[in-house]
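Sharing a structure here in structure tokens format.
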Amino acid sequence: MAVLALSLPRRAPSVIPGFGPTLGFTLAYLSLIVLLPLAALVIKAAGTTLEQWTAILSDPRVLSALGLSFGGALAAALINAVFGLLVAWVLVRYPFPGRRLVDAAIDLPFALPTAVAGIALTALYAPNGWLGRLLEPLGVKVAFTPLGVVVAMVFIGLPFVVRTVEPVLHDVDLELEEAAASLGADRLQTFLRVILPAVLPSLLTGFSLALARAVGEYGSVIFIAGNLPGVSEIAPLLIVTKLEQYDYVGATAIATVMLAISFTLLLAVNLLQKWRRAQMGG
Amino acid sequence: MSASSTRETPPVRWGLTLLALAFLALFLVAPLVAVLAEAFAKGWDAYVRALSGDDTWSSIRLTLIVAAISVPLNVAFGLAASWAVAKFDFSGKSLLVSLIELPFSVSPVISGLIYVLLFGLQGLLGPWLAENDLKVIFAVPGIVLATVFVTFPFVARELIPLMEEQGREEEEAALTLGASGLAAFWLVTLPNVRWGLLYGVLLCNARAMGEFGAVSVVSGHIRGLTNTMPLHVEILYNEYDFVGAFAVASLLAVLALVTLAVKSALEWWHRDELAAAGH
Amino acid sequence: MIGFHEDEARSLLLAALFAVVLALGLAVLMPGAQAAESRTLLNVSYDPTRELYQALNESFIKQWKAMSGEDLKINQSHGGSGKQARSVIDGLEADVVTLALAYDIDAVADKARLLDGGWQKRLAYNSAPYTSTIVFLVRKGNPKQVKDWGDLVKPGVSVITPNPKTSGGARWNYLAAWGYALDRNDGDAAKAQDFVAALFRNVPVLDSGARGSTVTFAQRGLGDVLLAWENEAHLALKEFGSGFEIVTPSLSILAEPPVAVVDKVVDKRGTRAVAQAYLEFLYTPEAQEIIARNFYRPRDPEVVRKTAAAFAPVKLFTIDDVFGGWRKVQTEHFSDGGVFDRITAKK
């Protein structure tokens, strides 16, 4: 019904044609490919009684899996926000040899299949891998621990931050920085007071996209996580585990919770962007 | 003139650059090198032999078929959606954009699960499909559907901000001068967004070929029939054929690299146009 | 002008909807997995049987050609036993299922009614044409001196096993350890539970399948002992070379991986005769020898005698004797909130 309400919009008159067909096609395709199948999930979950819901969602194993998925994704998104901003800054502001190549390589996690990424990361960070061997004497264990989960999530989330921040950094007005400098601000102050506020909304967008993507990540994480219940088991794996025990109720319940959180996140991001545009426009 | 006031000192610049590069080396380059190193661990001959199996070829063929169906579908959708969203004002736009982006943040496992719940034998439409002898999941259609779902937002998400940024004046001018709506789209809008479109198509294609989680749930894993390349990687890995697994993986990695190279090359050749377009 | 635009809009809308319907229609009607013309069988099996069925299929295809003149193609699907059963329940059209444990075929019978509940009586030896058991794979020279189940709970011994919730092999591992502890403690279930809990405290990684665990142990270098199917342990020795050795415990479980024809599927596809012949072939001396060559324990008394040297003698108990059958074990130990959940939650 929400979809129907969408298609009867109050729109400003425009001379541009094609509103009906394009929106119609968009809604039809969206409904068929995304909404209808997701509705199947919700229907299945709706058949679950309240007691079943409470039982599933108060299971410590489920809670700790959700906690790891969201906590790990949050940590990874924070790391990506810091280093993504740094990478974007370096790519935009500092010309260095091979910059184009590096810039192109940022999209690698978008393009590399997740299972391949997972196997490669495991091979690197296992105690006998190239990097794991160096970290082992320091007492740092990456593969088969929650830390490994975070590493995989950093990998898949990085491009989201860099790609949303880059264009905004391009547009930051140098004159503003000059003005700040002439008013006696040092470089760090200029960065904190002038540049950071300008890129903050896009940084938040990138952060949320990286977060949303990492929460649901499966392929790259299961290889490197130890998958121990309550320690290094992620929520998507728990869904798969429940499915394999023919527990459709449990699987759909966890899936529905994850879906609701992801959608809320995305909606928040888009409202944030709308708000930013309104700010910039006004 | 006042460049020094908006530039960091060289040590800071080099420090930051090195830090950024070190981070990228650790998280981006190392995994890629690991894939290639494992694939060639036993030399070129072993690599070629690993790629020449029948099952490997059928997985490559299936992957190409799946991408060939799902990418055009999502391109058509992306164009329509971005036109509707960018060229018109209507209420509920944020909701619509969020719904379009939703598949991005739906766990791939859930993406597969929803099709099982819909088309599986125990699902909503399963019994009807079985009676009419239609196969969706555990066959090519299910793999295509799951792939379409996972790659759904790529083109639209690339085009919507681009078209919004470009506004409506040019199309309005063309229409005022008597061009038809389609002509305005073909001659004004499309040239303006073609780089974004291309970028979206390339990423959509890369993801379509590389999807693992969602496809794994609906595939059935029948050797030589319903295994895509990423699934075949897993199978070979589970057969202790590490050279074979990483060899197929390296094809996918090379595909990712070629995708990125094509994108960069196109941007490079057309940099003047891009600059003129203010991109 | 406005009227023209609305007409155009409507026609485009129709065209667009038509395109979507057409595309989806094509996607649905596209030739599926079963389109091949020659006769095919789909055998949905569990992870460690890849090499076994590759060899068996080759031999059966020849035999079937000689018997019926028909060209037969046998398609294979492998994965975790539970996942494979779930796929069959959800509509993967398996003519025969050859899974790791009877419970998974029971699930296909119970939840999808694709075969009769009494399937296990149809073929000899509980419908299990081969058996296996659980042994230990340790690193060369056995540095931690792991000789029997009791050594696995010692501090500092790191044990690799897959997750019993997702892996059939891991359930056999778990039950073998439980049965050993029962035997040592005069049937005291509380002590057995403590023993298994202690064992799982020594497990640093739970892969979802048997193959994943072997890779973790052999390729990634984690752990001191791998609990594995006997056939997997031998295969790992072959694949990963000389860095490992097999330790056979004093007592272990008789694992009976069963096979069954999926009635509803073979009747629909008209493959009952060949599917039945395929499973009966598994009991023939020819197949039994292939089975023994792939390190599964054969059933045929003659082949057992001939190949006895390849299998270490070990005292075996059955799941029916000690645990009262799979359905009981599944609810008590592996269902949500069962014993396994309780002992791993205490970590």
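Each chain gets a letter, A, B and C, in the order it is written, and its residues are counted from 1.
Basically, a residue touches a chain if its C-beta (ideal position, glycine included) is under 8 Å from a C-beta of that chain, and two chains touch if they have at least 3 such contacts.
These figures come from a predicted structure and were not determined experimentally.
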A-B compared against A-C, more contacting pairs = A-B
Chain whose Cα centroid lies at the greatest distance from that of subunit B | C
Give, as an integer number of Å, the spacing between the C-alpha centres of subunit C and subunit A.
-> 35
With chain centres defined as C-alpha means, what is the inter-centre distance between subunit A and subunit B in Å?
-> 16
Which residues of subunit B are in contact with two or more other chains?
-> 73, 76, 80, 122-123, 145, 181, 237
Among the residues of subunit A, which are close enough to touch at least two other chains?
-> 17-19, 21-22, 25, 29, 129, 240, 243
Per-residue multi-chain contacts in subunit C, two or more chains | 5, 8, 16, 19, 89, 111
Which residues of subunit A touch subunit B in their complex?
-> 2, 5-6, 9-12, 14-19, 21-23, 25-26, 29-30, 33-38, 40-41, 43-44, 83, 86-87, 89-91, 94, 96, 100-117, 119-121, 123-124, 129-131, 151, 154-155, 158, 174, 177-178, 181-182, 187, 190, 209, 212-213, 215-219, 235-236, 239-240, 243, 248, 251-252, 255, 258-259, 262-263, 265-267, 269-271, 274
In the complex, subunit B residues that touch subunit A | 2, 5-6, 8, 12-13, 16-17, 19-21, 23-24, 26-32, 34-35, 38, 73, 76-77, 80-81, 83-85, 87-92, 94-110, 113-115, 117-118, 122-124, 145, 148-149, 152, 168, 171-172, 175-176, 181, 184-185, 203, 206-207, 209-213, 217, 229-230, 233-234, 237, 245-246, 249, 252-253, 255-257, 259-261, 263-264, 268
Residues of subunit C touching subunit B in the complex | 5, 8, 16, 19, 23, 27-34, 42, 47, 50-51, 75-79, 87, 89-93, 111-112, 209, 211-212, 214-215, 219, 235-236, 239-240
Spell out the part of subunit C that touches subunit A in their complex, as residue ranges.
-> 5-6, 8-10, 12-13, 15-17, 19-20, 24, 80, 82-83, 85-86, 89, 107, 111, 163, 165-166, 203-208, 216, 220-222, 334-337, 341, 344-345, 347
Across the complex, what residues on subunit B touch subunit C?
-> 69, 73, 76, 80, 116, 119-123, 126, 130, 134-141, 144-145, 181, 220-226, 235, 237-240, 242
